[in-house]
Amino acid sequence: MSTPFTQNCDLYGAVHENGVNKIITHIMRQRPSLFNYGTADVAKNVEGWCSKVVVTQDVRNYNNPIFTVENYLPIFGADSPPVGLSFCAQLSSAKIDFHPSNVIKLPAELTPPLQPQRFAMSFRICGSIGCPPEQEVDGIQPTQPAGQASDVGLKSPPPVNLPGRLNCFCLDVYAIGHFERATILGKESLLGKLDDMDIVDIKPDALEQNIICYLKTAVNVILREKLTIPYEKFFFSFSLFHLATVSLSATPNPPIPNNPAVEDDQLKVFLTMKVGP
Amino acid sequence: MNMMPTMDANLYTQIGLDSGSLTMLGTVVHSIPEPGEYRGVLHRGDSVEAVFYVKVDKESASAQANIDLSALGESSSDECKCHSGHHSGAHHFVVNPRGYVVLHVSKGSGGYFVVIEKAEENSRAKPFDSRSLQEGDLFAATILRPGTYSFTNLSTKAQGEVVVPYPVVGKFANPPPAPLRITSTRVSHEPKRIVVQAGQGMIFEPKVPSRFKIELVKADDGPSRPKAPARDGWRKPPSAVRAPSKGAKTK
Amino acid sequence: MSDVTIAASASAFKQLFNALIDNFTFSKSDSASYGPFSASYSVALHLEDGTLSLHDDGTIEIQDVDIVWDTLKASACFDLPGFCVGGWCIVPDPWNGCLVGIPKICIGGPICIPVDLSGLVSEITDVKASLLAKYYVDPARPANVTDLAAEFAGHPNKWQVYIDPVWVHVDPINVPDTLENIIENIIKNAIYNMLGPLPDWMKDILWAAIQAIGILDIIKGVLGIVGSIADWFENLFNSVFDLVGLVETAVADYFANKYPIYEFEDPYPILPASGGLIPVKIPIRNLAATINSHEMIVTADVGA
């Protein structure tokens, strides 16, 4: 007879990587503004998006945004008036692979094979800036430079946002990471963390490293801010969480060496129950 | 036969009996030996309550006709107070000439007397009036209230005494013992003094025209019951009122 | 392999079971006529304790759950035979015994014997059950709306896991023999209550008449009791009122239909609504719940 799931704990939960990948697809379709960013003009121009966005009918029914609208990219040094460029940045696909790795082929830079208790991720990031035509630049009317004594009391000139044509590119990004327990907003939660990342075909290396730094930091911050999973959610609101006489906490080591554990293509969590007031 | 239990208050509020004014605890038994149709009139005080008919029939197997005077009075109350010649709404009973008509009251305050006479015109037979029982009639009486009673034949003035002891658990028979018989002559009753258990029957057999009346002389309320402890009541507190001091101004 | 696996140990499952037991209540009142007497009852109960064992054949066995009867009252009402005046023979008949008899008037009335056994404890001796997963569609769910609209309307669909009984055995209520001792006082009080408005001497006559026959003999005669009064009330509770059957049915229905041991919304909200953004909900399919001797296991797939 196989070993019971709760051999060393009271509550066991596990989600297979296939399930997680389906969940990622659902999140991307129901919360698209988490994965698509751009200036207002780009957000309105469906035909010009770098990547097609698939959303559910409910997103449209409840007027949820597909893009998160951001400020125009400032041109450094241009302050009279300030000048901005439009841009588009989209995460068009994401996939996860729990140890042992059998879904994602990691690049050599990430020293495969995937180590135990690790997950691998692959993303596709597409983006572009809106490159303005020359006549748009020629049409800028310079204003009095700021900083002269007679300018006291005068307001800064309004920024000029130059429309431009998007010239989209896509990057394939690979990452490896692990899961941790964390208390987020007062709740015991699961938190995913990227440890390393590689972007295919970016040179020079220092440029790649800078982009990786930005992307890895961005992903880790968004995972922490938006995508932590409270234990109760991980266990689909299992009834034990609603009993006043029971408290649940992560099973310690020993007897559980890794908690959460990433193994057997699954993410597993082990909880121990304490009965009493 | 009335078997339904009842708590009719008249059972315990009417103390004493009168064969000429029947109540729940008194019954008159009368024999009509001559076959024929008889007409009875139910009276209560000065009013006529109902009319009924008794057919005395040699072919009848009925040894007794129970006539509930209270039922007669009730059922006739919505109909005409019928007088001689009217049969509508009347009640009919049949009995053998060797049987008896039993006049009883099953409920209510009673106070009835009955006159029965042959229904044919110009009958010379003497009517029966339950206020004057003749030899052959019977008056069956039951006393419930414990005490000492006098029984008097109002027609002859002969008197007697009935003692009904207070019921004692363990010495009380249920059903009560057999009824005692009292023969009433012109000068006396025999026996003159009887002791009966509450509920035990007495059968008065008149030898002369009689009307029997039983009256409570002295009630027996049994052993005294402990009274509820007296309350202290209210008393004025000792220093509640002070006399006015000298020199105090008054309005 | 299923996308999602959740397992609860036997001791964790016992906590779920305890909550199930704690939430059960039952109450009922009824009355009926049974010829010479009528009877009524009023009962209310809750459950306590019990042992639970899980088996490798996928079944759960629950034993020795206390049924605490918070209210266990019954009343048997009948006309007290009491005491009769008249009925005796006035003209004897040498052949038939009595030619003319005086009509009988029986003094008595309806009395009720109230029996209050509240606080009595009996037992659910055995329940055998398995787990059953059901998909619940709220009948009040508006037609032709999305799952999100149904959730906002307060009528989401749900996955539910019930304990589905195969059998429920409840012990008969055991009326203590000491009832016999107190029944005489109960009847005396009932009779004195009935006789309330009567003068003392009349009450004493009736009481002496009843005692002459014997209170318990009168009661047994009217109610047709052959054995002890305690046994008669026991039979009244268990068979005539069929309280045992009622409790068995109520327990089975509660386990199977009223109180799921586990339930959650479908689609399941994994990210809450935030700043005007709709919640993110994931569809769950193929939910199954099983038991083995160690644990309860729930498996499911994430829908497309």
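So that you can tell them apart, the chains are marked A, B and C in the order they are listed, and the count of residues begins at 1 in each.
We take it that a residue touches a chain if its C-beta (ideal position, glycine included) is under 8 Å from a C-beta of that chain, and two chains touch if they have at least 3 such contacts.
Nothing here was measured: the structure is a model prediction, and the numbers come from that model.
Visitor: Point out which chain occupies the most central position, where each centre is the mean of Cα atoms.
Guide: C
Visitor: Please identify which chain has its centre, taken as the mean of its CA atoms, farthest from the centre of chain B.
Guide: Most remote chain from chain B, centroid-wise, comes out as A.
Visitor: Please work out the Cα centroid separation of chain A and chain C, and write it as a whole number of Å.
Guide: 57
Visitor: Could you work out how far the Cα centre of chain B sits from that of chain C, in whole Å?
Guide: Distance between chain centres, rounded to whole Å: 53 Å.
Visitor: Could you grab the centroid distance between chain A and chain B? Build each centroid from C-alpha atoms only and quote it in angstrom.
Guide: Measuring from centre to centre gives 106 Å for this pair.
Visitor: At which residue positions does chain C touch at least two other chains?
Guide: There are none in chain C.
Visitor: Where does chain A touch two or more other chains at once, residue-wise?
Guide: In chain A, no residue touches two or more other chains.
Visitor: Using the touch rule from the top, collect the residues of chain A that touch chain C in their complex.
Guide: Those in contact with chain C are residues 4-7, 9-16, 18-19, 22-23, 26-27, 30-31, 33, 57-59, 61-62, 64, 226-227, 229, 233, 235-240, 243, 245-246, 265-266, 273, 275.
Visitor: Which chain C residues qualify as touching chain B in the complex?
Guide: For this pair, the touching residues of chain C are 79-88, 90-91, 93, 99-109, 194, 197-202, 204-205, 207-213.
Visitor: With touch defined as at the start, can you tell me which chain B residues reach chain C in the complex?
Guide: 1-7, 9, 11-12, 24-25, 27, 29, 63-64, 66, 68, 99-100, 102, 104, 106, 138, 140, 142, 144-146, 166-170, 172-176, 178-179, 198-199, 201, 203, 220-222, 225
Visitor: Quick one: in the complex, what on chain C touches chain A?
Guide: Its residues touching chain A are 1-9, 11-12, 15-16, 18-19, 146, 148-149, 261-264, 268, 270-271, 276-284, 292, 294-295, 297, 300-304.
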